[in-house]
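Shared chain: subunit A. Partners: subunit B in the first complex, subunit C in the second.
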Partner chain A sequence: MAFLELRGLNKIYGKNHVLQDINISIPEGKLISFLGPSGCGKSTLLRCIAGLETVSDGKIYLDNKDLTDVPIQKRDVGMVFQNYSLFPNLTVFDNIAFGLKIRKEAKEVIARDVNEMLDLVGLTHKKDRFPAFLSGGEQQRVALARALIMKPKVLLLDEPLSALDAQLRKNLQNEIRRIQRQLRITTLFVTHDQSEAMAISDIIYLFNIGKIESSGSPIEIYMSPKTEFAARFIGNYNLLTSEIFSELTGCRLEAAYLAFRPEVVKLSEPEFGDDSYFFSAAVKEVNIHGNFIRYVLLAGKAEFSMDILSDLGDPLLIGETRQFAIRKDCVLTIHES
Partner chain B sequence: MKKILSHLWIAIVSILLLLPLILTFIYSFSQSWITILPKRFTLDFYSSVFGDPSFFPALFRGFLISLIPIVLMNAAVMLSLYYSILYDSRLGYLIQVLCLLPYSIQGVILATSIIGLYAGHQSFLSNRIFLLTMTYCIIILPYIYQSIRNSFYALNLKNIVEAGEILGAKKFQILLRVVLPSLKSGLFVSMLLSIALIFGDFAIIKIIAGNQYQTAQMYLHNTRNMPNQIASAIVSVMFLIVFVISSLILMLKNDDLKTDRKKD
Partner chain C sequence: MIRKFFSKYKMIIPFFIIVGFFEIVPIGNMLIQSFLNAELRFTFNNYVTVFTKPVYLVAIRNSLFLSFISSFLGLAIAFLTVLSIPLLSARLRGVFLAMLNMLSNFAGLPLAFAFMIIFGSSGVLILLAEEIGFESLANFQLYSIPGLVAVYVYFQIPLGILLLLPGLAGIKKEWQEAAYLLKANSFQFWIRVGIPMFLPSLLGTFSMLFANALAAYATAYLLVVTNIPLLPIQIANMYIGDLRQRPELGSALSITLLLIMLLVIWITNFLKKRFEYRRV
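And now, the complex of A and B:
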């Protein structure tokens, strides 16, 4: 049995089947992301593991113990919420010490552990501040320290970075990863941001309407999407039906969809050979994204995007028609819709 | 020009509002005032009020009858809202309707109805002090409810309780260690507002308890056959007390605003 095992988990609210037959095995010490759009059930699953929601059916096992009906207080899990939920009347020190005080630890133990945690999250100099006087990033780190100090078997992070600005998010992603590796704590990270999941995870579970759509390492999920949803949600894949792809390239492939990432579309060069599909397309839109430019190209009924690094020559102009190429091994066949 | 006009308007309104108070205050010190200006000033009326052994007990009773309904209603509303937010949010709507209903009932009508309903009852329900306490409970209910509800929403109660439970605490421990201390400012404001409201009431106490329970307002009513300066002195003292209470409320609100600004 894996360290954390979810077997046949279902959650039903009235007529809504929020989680449908979830089966997951999570090894110890890994950082797992639950990725998916809003309302897909990923946060509900996290809340079921925490004990904040009851499951309608199925079992949760943690470290060989059945956790399904264990009260929240005795589950040995830590959780960081989207809005941090710090206690406004307590200082940073007391917020972090709260769980240990409830557990009636000795004062010396509390002081030692809290100071260690403050050091770990880099907030020693702000230990006497109240949450209202901290920035969003600092509040997030206090919430993380408050969860970690209890030495939980599993750390649950429910979109902990979604309220922060882009730069701070990246910094804290790295910080969460550093702390997780340092403490080797099994961590479940809920996010709707695919780039965040890619950057931080050992394994990603992709959710769609209460079901696991696919799972694997970030590179597997990104490079080999198995379903139309996975292809659309991860990596901004271009998806063309078999007919449209045939009209575009002159080659017919048997599949529900043909998928290719925007960065594999290239401006045609003389050295490209038989290993590529060639076609002519017009530039419909040009979107500057900083380090790359995203073009929307139009060829007959086919509309798709192409990413080119910003430093590769002059940008194409809207309306310009050029010859493009895609390497054949970069086109994936999707059989499920 | 606009600025001058607005300042002028504020000055006129301020004078209109303050003039009766200032004149009452001056009158309470005057020996007699039958021409444009008072003739002589004296502290006799104040010494007469403060020397009366029934004045301070009346003040005390005024505070007591204010405090009991406030404590009762704060406890009732807080526990009901705590339960509804944590366990059954649908109850929240029912609590809101019940708590805001007294806004639509005028105090005098309420008091008269209560007397009509319970006066002849052969039980503790006809006890006038009990009836008065319960009437004040109904009157202050909307104010207490609004204040506590706003504090709960600002606190994000459900998430706070969930965070505490995951750290091993029971709901009751979270209520005592986190929720109540966080609501302190909101509770204090609602308490002071209610004290000011009840302490200044005369009509309801007159209808329900009459002289059976003499508060400061009833004491004032009973001085109607004495020199008018005595009534003015009592009004001045009571105004001063309510003013102090209002100032405390303002101070607390300003503290909250400062905290919010620092948070931003």
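And now, the complex of A and C:
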């Protein structure tokens, strides 16, 4: 049995089947992301593991113990909430010490462990501040330290970075990953941001309407989406029906959809050979994204995007028609819709 | 300039007119009268009388005791009730709130009559208790200080609940969940986080309940008339006395009552500020 095992988990609220037959096996010491759009059930699953929600059906096993009906306090699970939920009447030190005080640890142990945690999250100089006088990033780190000090078997992070600005998010992603690796703690990270999931995870579970759509390492999820939803949600794949793809390239492939990422569309070069599809298309839109430019191209009924690094020559102009190419092995066939 | 001022604040002018006529002018008048004798000469005698004559000292003591104990008990019961409201279903919560609104308006003479019918010397429950030999209830004296405490607590509870409800909404469910995940039980959460966060609301409600009890007149008058001296009844007697009216002494008693209220409000506000934490 895996370290954390979810078997046939279902959660039903009235007529809403929020989680449908969830089966997941999670190895110890890994960082796993639950990725999906809002309302897909990923946070509910996290809350079920924490014991904050009951499951309608199914079992949760942690370290060979059935957790399904165990009270929250006895689960050995730590959690960081989306809005951190720090106790406003306690200082940073007392927030982090809260669980140890409940466990009636000796004062010296509390002081030693809290100071270690403060050091780990780099907040020693702010230990006497109240939460209202901390920045969002600092509050997030206090919440992380407060959960970690209890040495939980599993750490649950429910969109912990969603309230922060882009630069801070990136810094804290790295910090969470560093701490997770340092402590080798099994971590479940809920996010709706695919780039965040890619950057931080060992394994990603992609959720859609209460079900697991696909799972795998970030590179597997990105390079080989199995379904239309996975292709659309991850990597901004261009999806064309086989008819439209056939009109575009003159080649008919048996599939519900043909998928290719924007960065595999290239301006045609003489050295491209039989391993590529060729077609002409007009530039409909040009969007500058800093290090790359995203073009929206139009060819008959086919509309799709192409990403080109900003330093590769002069940008194309709107209305300009050019010859483009896609390597054949970069086109994926999607059979499920 | 004046036109601009009136145009900007025209909606609030009626409020200030009412406050002026029904609060400021009477208080000013009382304050002046409290320092006058029957010949309209300046004197401190009214206050000397208030703080030396046993009947007024007992009235102040009784009113303070009754207000404090009824506010404290009312607040404690209201607090426990408020904590259990989230456990009700949405439908039951609606019924509860509707009943609460009704109960909070059930005060004064009708409430005194209701208590007389149930707990009076020939009250339904008292007779029943005598019949079945339930001595402690059969010996209950409604027309006494403990009887007044029971009535006061009764009308303090619904008001207390109404005043505490907004404060409860400020206690976030996530704090509770975070505490449980850190192995705290519900009691430990309330002791360490819930009550400290709720304290400003509790203190504010206490001062409102205290003022409510201190100024309560009709219920107390019907139950104890002048058998038990209370400050509001003593004040009223100065204006409606059968033998002679003493508005100057009534004013001094009223100002004393007002000062007690202000002192309690000041203390609770001071404590509220001490325990108010900035929310994240």
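Just so we're on the same page, the second predicted complex is superposed on the first by the 337 of 337 C-alpha atoms of A that agree within 3 Å, B and C clash if a C-alpha of one lies under 4 Å from a C-alpha of the other, contacts with A are read in each partner's own complex, and residues count from 1 in each chain.
Throughout what follows, contacts are C-beta pairs under 8 Å (C-beta built on N, C-alpha and C of every residue); 3 or more make two chains touch, one makes a residue touch a chain.
On a predicted model such as this, the values are computed, not experimentally measured, just so you know.
> Would subunit B and subunit C fit next to each other on subunit A once aligned, or clash?
Result for subunit B and subunit C: clash.
> Regarding the shared-chain residue A:S85, is it in contact with subunit B (first), subunit C (second), both, or neither?
After superposing on A, A:S85 lies in contact with both subunit B and subunit C.
> Which partner does A:Y222 reach: the first (subunit B), the second (subunit C), both, or neither?
A:Y222 sits against neither subunit B nor subunit C.
> Based on the superposed arrangement, let me know which partner A:Q139 touches: subunit B (first), subunit C (second), both, or neither?
second
> I'd like to know which partner A:F207 touches here: subunit B for first, subunit C for second, both or neither.
A:F207 contacts neither subunit B nor subunit C.
> So, does A:F93 touch the first partner subunit B, the second partner subunit C, both, or neither?
After superposing on A, A:F93 lies clear of both subunit B and subunit C.
> Which partner chains sit in contact with A:Y295 here, subunit B, subunit C, both or neither? Use first/second/both/neither.
neither
> So subunit A touches subunit B in one structure and subunit C in the other; where do those two contact lists coincide?
50, 52, 72-73, 77-79, 81, 83, 85-90, 98-99, 102-103, 132-133, 146-147, 150
> Help me check something: in the complex, which residues belonging to subunit A touch subunit C?
50, 52, 72-73, 77-79, 81, 83-90, 98-99, 101-103, 130-133, 139, 146-147, 150
> Mind pulling up the subunit A residues that touch subunit B in the complex?
Touch residues, subunit A against subunit B: 50-52, 72-73, 75, 77-79, 81, 83, 85-90, 98-99, 102-103, 132-133, 146-147, 150.
> Within their complex, state which residues of subunit C touch subunit A.
172, 174-175, 177-185, 188, 192-193, 196-197, 277-280
> In the complex of these two chains, what residues of subunit B are touching subunit A?
Residues of subunit B touching subunit A: 155-156, 159-160, 162-170, 173, 177-178, 181-182, 184, 259, 262-263.
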